[in-house]
Every structure is written in structure tokens, then in C-alpha cells.
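You will see chain A twice below: alongside chain B first, and alongside chain C after that.
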Partner chain A sequence: MSGAPKIAVTVAEVTPVNELVTRFRFVRRDGKPMPTFSGGAHTVVEMNDNGRIRRNPYSLMSDPADCEGYSISVRRDDQGRGGSLFMHRRVTPGMEMQISNPVNLFGLDLRARKHLMIAGGIGITPFLAQIKQLKATGGHFELHYAVRSAPLASYADELRAENPGRVRVYHDERGEAIDLERLLEGQPLGTHLYVCGPKGMIGWVRNTAARLGWPRGAVHHEEFLAPSSGKPFEATLARSNKVIQVGEHESLLEAIEAAGVDPPYLCRGGACGQCETDVLEHDGIFLHNDHWLTEEQRASCTKIMPCVSRFEGRKLVLDR
Partner chain B sequence: MGIIFREETFYNDFTFRNSPEAIRRFPFPFHEDSYMYSVNLEPHKSYRPGSVLERAFDVDEHYVSEMRDRARVLAEDPLRCQSLPHMTLAGWDLLELIMVSKAEEYPDLFELHRDGNRWHWINRPLGIEQRFTFLDETTLPYGPMEYITRQTQGDFAVLDQREDNLWMDAGMVTTQADWSLDFDIGMNFFEWHAPVPKAAEMGIFQRALKFLLNVQQGAPARRFNWTMTVNPLLDTSPENYHKWGVMKRDLTLENMGQMMHLRVELQTFFRLPRSNGLVFPIRCYLIKLDELVTVPKWARRFHRVLRDLPVELATYKGFVDNRPKIVEWLSKYDDGAPTSPGIWPD
Partner chain C sequence: MSKAVFEPSIPSRPVYGALEPRTGISHLMIADAEGAEAILDMAGAAPPGFFANAHIIYIPKRTGTLYVERLQALAPAQLHIAPSYAAAEPRLKRVLSSSHMGLQLYLAGTEGLMGQVMREAIEAGIPHDAIQTEHRGSTARRVQCVHCKGITEDVTHDPFQCSHCGLHLFVRDHYSRRIAAFQGVRVDAEDPGNIPEAVERFK
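Right after this comes the complex of A and B.
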């Protein structure tokens, strides 16, 4: 139900980038070329964590034209639900894993005369692939990259060296900050704006652009939500005739899958809409964390996005 | 494989025919004795060897003549092929998809040799051999989309995906059921579907768009659509309505079996990898009623479908005036016996 066939891969390289970030390279086990992809695409990596299947989306950072393998960079999140810790602690070269075909929810608008990119921290990864794509096709781009400190500035040196005059890095610890208003006001007609980074940065960039009169269609953002932890709850899957328990550090989608039901999904980050599920009955409150449902749909309490959203209450019956 | 390519025309003397083998593999689109819209999408996986669903891009006995007809239509009206400037990358995606598929699926007809970006393409049925540089437009006689779709049956709408919508920003459209690329170019999904009756109220477009936006690489989808065409015209375009519209008046009970055709579109959807666009091939298959009624199950079922079709649909599909005559003609082939499930001949 989750769409295209998975790709069976071997971990070819595990490369520490800095204290928090590690890069992983995957090659296909069947020896065929990887599918080409478009800059901004992600893959969902499946991890078998002692029998528990975790599936986390990561942006592809390698050259989209490179069919020898795929690279991703994973930032360790010590407070997270464990996917990034698994990648950092357990994944070693030679290990066999499964990944999804590429999916792009943060594609370049190819009409743009200029691509203005704003990255924060690990949000740099989709831009690495987009920049390679644009350089191959003669596209015009400019990157503004905010990092905490020089040692944590993943790929900043390479980016500056390979793209002279097109990349500017801002270090928080030195008090450097993007002068966003000035930057946005000085752009030529036909510029598209892209932002990927922490939630606060995305909101800041989108709001500033809206206030300055940028058309909505010219402002693009990517924000994957990690499913949040919360109180355990119970759900009934009406069609499958099953009752499931959703653990504190588990998403509703993961619990549905663990019960042997195979619902559709793509991004597992609340953005694509694929796992939208009808609510048949409920007695309690929904904790909607997605970017997908409209305010109206949320208010109607008839839909939930099980990849990131949760429930608190006595009864939840889903059409699944 | 041994396809014998027919020499035939789709205009003037209309020498188009289906061989008995082509009739047996015709994609009759009705799985039951009635018809209403549905999203009816399914994965475009290889199905039923010998059928039109076996391969990603079906090549049949009409291939060479259809490509000649496309060249004729383009010579009269070059606007049947358009590509907005940002769609060139999607054109290369499409060229790669078709060349790779055809070379794999029809190795006796097509060959593709790749050495990095230096490509060598051989198309035996059309007698074409081309060496070119992938992603370098100057090395092909046409843009990449036009080049490959002059060698591939079916119309092609190449859609850009942005702002949670699909945009008709490129295409090759010469075998269409009365719609115009030149009119629709640049429109989004809701705009170009605006003339379709009933479906919007049924919420079909919202659901279909949601599905299409999520079509993944490596997981193409397909559906059928259908209409009726008088004479085997591939080009039933609004641009040429003054030429073919009047032919509908020539229909009689005597010439029905030869003149009236069921027109079936096999519509497929593929995600394009480099551009993140979506290509929507619309492949047209024609069958004369005389040919169709050689399959008794289809004759019975088609009579019942047309007889009971809502009038809005018969109007939209352009045969409401001729419907009584068509139904009367078909009724001779319907003895009231039950039909088996599914679309294939018994």
C-alpha cells in the first residue's frame, strides 16, 4: 500500500561529518543503478530496531544524476524517539537495509529565474542535491546558510569552495544573522524562495516574505515533523477488526503497521496527505500535528494523520 | 514478436482496420453492463500477456501508420506540440522513460545504447537511427519531448507539479477526443477539467488530484476512458471540428457497423524523476462496431451500457443525437443472456 517497491540496499559508507551529523551512503544490492531523482527529494529509511520497524524520512543530498548510490546526512537527536540514534549507533558499513523510492515534496520550481535558498542547520541537506541539479542545468541560485558554530557547519566549507560568490554562511555564536528583509527586497523579478530548517526559521521566512508581498506560489518550504511522543492511547481499527495500543514513543501509524495492517504512507512527516484516515467514532481530544488537514477538517474531528498526530481520551475508532 | 505493421489511413479514405488478433486484444473498457464515472485507477503493472496492459508503452499493428498520421497533423498545425520553457527537463525525463522501456520490452524493434550521456537509439519500424547527447537539445532534430513522441503512439500531456496542483505545461496532442492543447496549455488540473459534467459535484477531481500528486517513481498508474467516434479519426480535435463534426450526420443503420467506432483511451501516469513532473500518456484505441460485435460478450454489454447511459454523459461524449440509432443497431446482437464479469472476451 505504500506505493512503489522498496529498494534493497547495503550501507557502503558511514562518515562522521561533525559532532552531531553523520553521513550514510547506500548502494543497491541487486547491482542495478539507483533511480535518478529531483533535488529536494527524500527517501524513507527502514530500521529494524530489535524487531521494531522504524521508518524515518531523510533528504537525499547526493547528486541527483549519480546513479551509483544515494547519500543522506542524519543529525543525532538525543531527545528524539530513537531513529537518529539508531542510525548513529547501530548502522555500520556492510549492513543491509531497505529504503523507499525517492519522493519529492520540496521540488524546485523550474520556472524560476533565480532560486534563493535559506537553510538552517541540518536543513541544508535538500539544498545540496538541488544545487548540484541547478549547476548541471545552468540554473541561477544563491544560498544563505545559518549554523550554530563553525564546527557544526556541515558542508559549509565545500559549498563555499565549490560555489564562489553564491554561498553565505552565518554563525550564531558570532552573532551573525541573515538580514532577511534586505535580502528579500533586493531580489530580481521571477525569484523563488526556498526555506528548510527549524520550525521557527521557516515561520520567520514565510511570514516575512508574505509581509513583503511575495506571492505564495513563489515561497517554498520543507519541514518534516518528527512524530512527537505523548501519552499512550488505544485505537480500534474497524475495517481490520483490531484494537491497538499506541506507546509513548510510537506514532499511531507505526502502531497500525505493527498490528500487521499496511496503510498507505509517503512522507511520514505530516506533509504529503497520503496516510489521511477517517475517524468513525471518538470520545476525547485530537492532538493534530500535521501540515495537511485544514482547520475545518480538524474542527470536524473526522480525520487524523496517523504519521504525526495523536489522541487523548477514552475511545478512538478509525476506518482502517 | 513479429508485429506486421499495417499500411492504413485515418483520414480521407479511412482504410484503418483491426486484424482478428487486434480485436481480441482490444481494451474493451466496461467491466459490467452499466457505466458511471469513477476514479478507477489501478497500478500500471504488466498484466495479461498479449494484452495492451502487458507493457509500459504498448506498440501494435497500427504503430507505423499512426506515426505517419501524427506527422501529417503536425505539418498542418504545429501548435499540437508545445512545451513551455521550464518543461525541457521533463521532456528529457520522458524521452528516457520511453527509450528505456521500449528497448527493454521490444528488443527486436528498439535498441538503446548508453555510454554516459552519449546515447545511440535505433527504431527499426520507423527506420530511425540517432546518436545524441542526453540533456543537449542541440543534438536532436526536435526538442526531446517532440522527438520521442513523434515515435510513440498516444497523446502526451506533460504536467508540472507545483502549489499542490498539476499544470498542463507541455504536450503532444494529435489523437484527442475533442480537447485542445493550445487551449489548455498553462492551465491547472481543475481548469482543464472544467467542461466535464457531473464529476466535480461528485468530488472526483479532488480525489483524483490527491492521488496523482502522490504518484511515485517506480509506481505508475492507469485508467480507461472512452467515447464514440464516427470514422476512424485519430484527430478529433476542436481545431478540426468543422471537418469531422459533419461526418456524424452521415450515420445510418446501413453504414453503422463500418462507420461507428468505440474509442478507448488507455490513460497512464508516470512520475518523472529529474523534473518531478508527471507524464500522462493518453493512448487511443479504435474499433469498428462490426469488429466489436465479433465478440458476443462485448456486443451484449455495449448495447446495455449505451442504452442506459445518463443523457448528460451521452451529450458530453458527443453522440447523444446518434444514440437511438446506435442502440437500435446494437440491439440485434443482444439476446438478453447474462455476461461474464471483467472486460476480456470469454
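Right after this comes the complex of A and C.
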């Protein structure tokens, strides 16, 4: 069985947070405690959408020490491939689902003297768990949270009320913006920086930190890429001796799974590297969308990350 | 020639690079003896104004005043000459505790100096792989006796006699980042009194 071990759960609560975001709470069907996790971890939620299996990663936002259940918050993406719409429209309390054991690709570096967190929009979710973890252990943190508007500022009021002086919220619609350069220049030695949010924000924060001389090892980021849609293509799975068709709104990984093959995966968002697949033959262009392969590996055309990357051309043969 | 070649060894043995100017909001350079040459060499590649935000702590040891004028000529924001690492340590700790992210750290000279500064820097929260080092000068080692835990500085011979407990110690390449010292193990533990002749392995 690929991916992290699965947990059979029941949806305990479905709570609208605002116009775009809904919170879901899962409890185990066997009554046992959930595994503990560390702040920043995610779970992969399995959705049975009329026989089509969707698997989306969501950051755990509940207290890492709370073993009674897990909570996630899902932002509805009307232009997306349908996972978040399924969560919003079809998931109701009492429903039985499968989620994965937690996996952490965005953990706190506990050697840090201070944790400086920068969140954009729904990127707030991993920080909710990290803050609970740090508060339980007396860790030093500061959160800067950029939101579109006050009505869409998920959890901003709670965060400010529970962490006086440590949380600052910036509203786009009021023209408020993080003064990043000044913020980074004033941080004491030993600070680690964490950023989670839209792609543009992650790039901006990482580039600014690098320009100001922050060590790469002190800057952490997480961005789950949703697989992008694209032209349908055909792929041959050499080891399984199968030829598969990858649909317009389907990822290569999903198409491999739909063919009854069980490929390795973990994050399904181009970050963890688990699904890395060798390319045996190709005639066409790779559309690499992951954060994993190096430029050299991309140029060599011998590897593909099927969770987020696509192919356009006449022939693609994979060692799978 | 102040550059030594270290033979490949076990993973625990530190390796050193060559200093290069990096972008940052301030620069802290700590060197002893011939380590000054590494800073002077790096200055050749540094952009204008680089030393205006630089703080140099220099421990000349046996080189005396040989490099001091040339270091002054770099016009660093601060140049502090210290008689020993022990004398410089309180200053180093104070600088680290009041510094901000964006500080770049450059270490040059003997392994004992670089190791001890690195220990303080890691303690202050700098990731160890973000610290630049360049070995220059003596290859004498800082060694901890595994038996009495005493540390002997500037060990040149192997085996050598522990300056604390008097045992004759074999100097290993096994290094502790936490203690900033190589490991010394009793050489005649199996056959007391059978002590090989000391060889000058570290100059």
C-alpha cells in the first residue's frame, strides 16, 4: 500500500469558517487515539467522487497533542480540479472517509531561538498547529499574517486574542502590507523563518531573505501544488505492462492509480520526492511542475514527478 | 606557505573551505595567526564598502604584529586584537548575543580556534553549514583526554602526554563539534608502559 498508512475516520464536524473556508474534524472509527504529530504536518484525505478517487493533502491545524481527532481547514477553489469543491459540497457529519497518517515536510527547527512565521491566506493552517505546539513548550514565536479582507481572515481574531503581541494581521483591502525587509533585518541571531502561502509570497520571502544574508537552512517554506490540468496524453507503464490515458483534469499519478498500479507517493504536491519515477523512453516535452527535481535532472529528461508534472508528445515510457 | 593539505579521513573529521565574501547586513571575522592571510585574500574579492560593516577579532599568537597593519588597512568597522581565544571569548559572546539575522561569520586559522568559535556560533543559533571556515597556519590540535576529560591545546605530537592526568594519549581524527576538540585515547591501555615514540604529526 503506497502513501502513509491509512486511518479510517468519521467526519465529526463540518464548520463553516467564512465564505471560502470550511473546517472539518475527523475521529477514528475504531475508537483508538489518533497518532500524535508535530506542527506543520499534513494528512492526505481520500475522497470517493462517484468512483473517482481524489487524494488531496491538507495541513493539520489542530493541537498536535490532541489525540481525539484531527482538524483541517479547506479553502474552496471554484477553478480547481474539484477536490475542495467535493469537501465543501459533499462531505457531511457522520460520513466515513479515509485519511493518511500525518507526514511532516514543514516541521519547526527546534534549535531556533525564535520562530518567525509568515502566512498568506489559507497558508495559515500549518501555523495554527505549530503555534499550539510552541505555546505548550514555551517556544518564542511571532506571526505575520496577510489576508485579503477582514471577513476572509480565517482564525485571525482567535490568533490575536490568544497570542497578544505576537500576531500581526495585514489586510490587502486596506492597503496593509508586510514591511518584509525591515522585519527580517530586525530579527535576532538564531531566528528561523517559515513561510506558507501563495507561490508569489513564498518566492518573495525566500528571495528577500537570501538577499539579506539569511542562511538557507534557517528559511523553511511549504507550498502544496495542485496538479495542473493540461492536454490529455498517453503513457506506457513498462513494468506493469500497461498503457494508460491521462485525462485533461487528471494527474499522471491519479491515472497510474486508476489503472490498478500502486505507485509510491506521500505529499501529492510536488514537494516530498516519494513518487519520483524513471523515464525509460520519451518523444516530447516534459511539463515539470514540482519542487523536487534539480535543473540538471529536468534537463536530463530521465525523471518525472507524476503527482504534479505532465507530458506533451508522442511517446512516454515509465519504469513503473 | 600557510595552507595545509588534510588527508581524507573519517566523516567526523572537520573539513574546511576557502573564505568568500557573502551578502549580508554585517560581517564577523575571527582569525588567529596566519588566519589573517585568509581574510586578506578574501578582501581581494570583496565588493567596495564590504569592510565598512565588518568586525574583525584577531588573535596573532606567535605572528605578533606581522599582519596587524594590513588588517587595519582594510578599514573594518572594528578591529579587536586579543592576546588569546580565552580573552576574546567574552567579546565574541556579546557580539553574537546582540547580532541580527543577516550576520555572516568567517573563521580562519587553526582548527582549535575555528572549532571553539563555531561551537559558540551554533549555540547562538547559526546553522553550522552557514559558517565559512578556512584553515591556515598550524595544524596543532585541541585534544580532549577521554579518560580525565581535560583539554590540551596546541598538541603537535602523537602520542602526547595529557597535560591534566599525565596519561600518554593517541590522537584520533574523531572530533566533537560540541567540545570543539579531537579525541585522545590512552595509547598503552592494553600493554601498560609500551609507549611508542612521539612523532611530530601536527606542525
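Here is the rule we go by: the second predicted complex is superposed on the first by the 317 of 320 C-alpha atoms of A that agree within 3 Å, B and C clash if a C-alpha of one lies under 4 Å from a C-alpha of the other, contacts with A are read in each partner's own complex, and residues count from 1 in each chain.
As a convention for this text, a contact is a pair of C-beta atoms (placed from the backbone, for glycine too) under 8 Å apart; a residue touches a chain by one contact, two chains touch by 3 or more.
As the structure is a computational prediction, the values presented were derived from the model and not from experiment.
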Subject >> Touching partner for A:S240 - first (chain B), second (chain C), both, neither >> reply: neither
Original post:
Is A:S228 touching the first partner chain B, the second partner chain C, both, or neither of them?
Top reply: neither
Original post:
Just chain B (first), just chain C (second), both, or neither: which does A:N18 touch?
Top reply: neither
**OP:** Could you tell me if A:N101 is touching chain B, chain C, both of them or neither one (first, second, both, neither)?
**Re:** first
Subject >> Touched partner set for A:R111, first chain B, second chain C, both or neither >> reply: both
Original post:
After lining up the shared chain so the two structures overlap, which partner does A:N163 touch, if you call chain B first and chain C second: first, second, both or neither?
Top reply: neither
**OP:** Please indicate which partner A:G217 is in contact with in the superposed arrangement: first for chain B, second for chain C, both, or neither.
**Re:** both
**OP:** Using the touch definition from the top, say if A:Q297 reaches chain B (first), chain C (second), both or neither.
**Re:** neither
**OP:** Give one of first, second, both or neither to describe whether A:N48 is in contact with chain B, with chain C, with both, or with none.
**Re:** neither
Subject >> chain C versus chain B, contacts on chain A by residue >> reply: B
**OP:** Find the residues of chain A that appear in the contact set with chain B and again in the contact set with chain C.
**Re:** 111, 216-217
Original post:
Which of the residues in chain A end up touching chain B in this complex?
Top reply: 3-5, 35-38, 40-41, 64-65, 101-104, 107-111, 133, 136-137, 216-217, 266, 272-274
Subject >> Footprint of chain A on chain B - complex, ascending >> reply: 84-87, 89, 135, 160-163, 210, 213-214, 216-219, 273-276
Subject >> Residue numbers on chain A that touch chain C, as the complex places them >> reply: 111-113, 184-191, 193, 211-218
Subject >> chain A contact footprint on chain C (complex, rising order) >> reply: 22-25, 96-97, 99-104, 124-127, 129-130
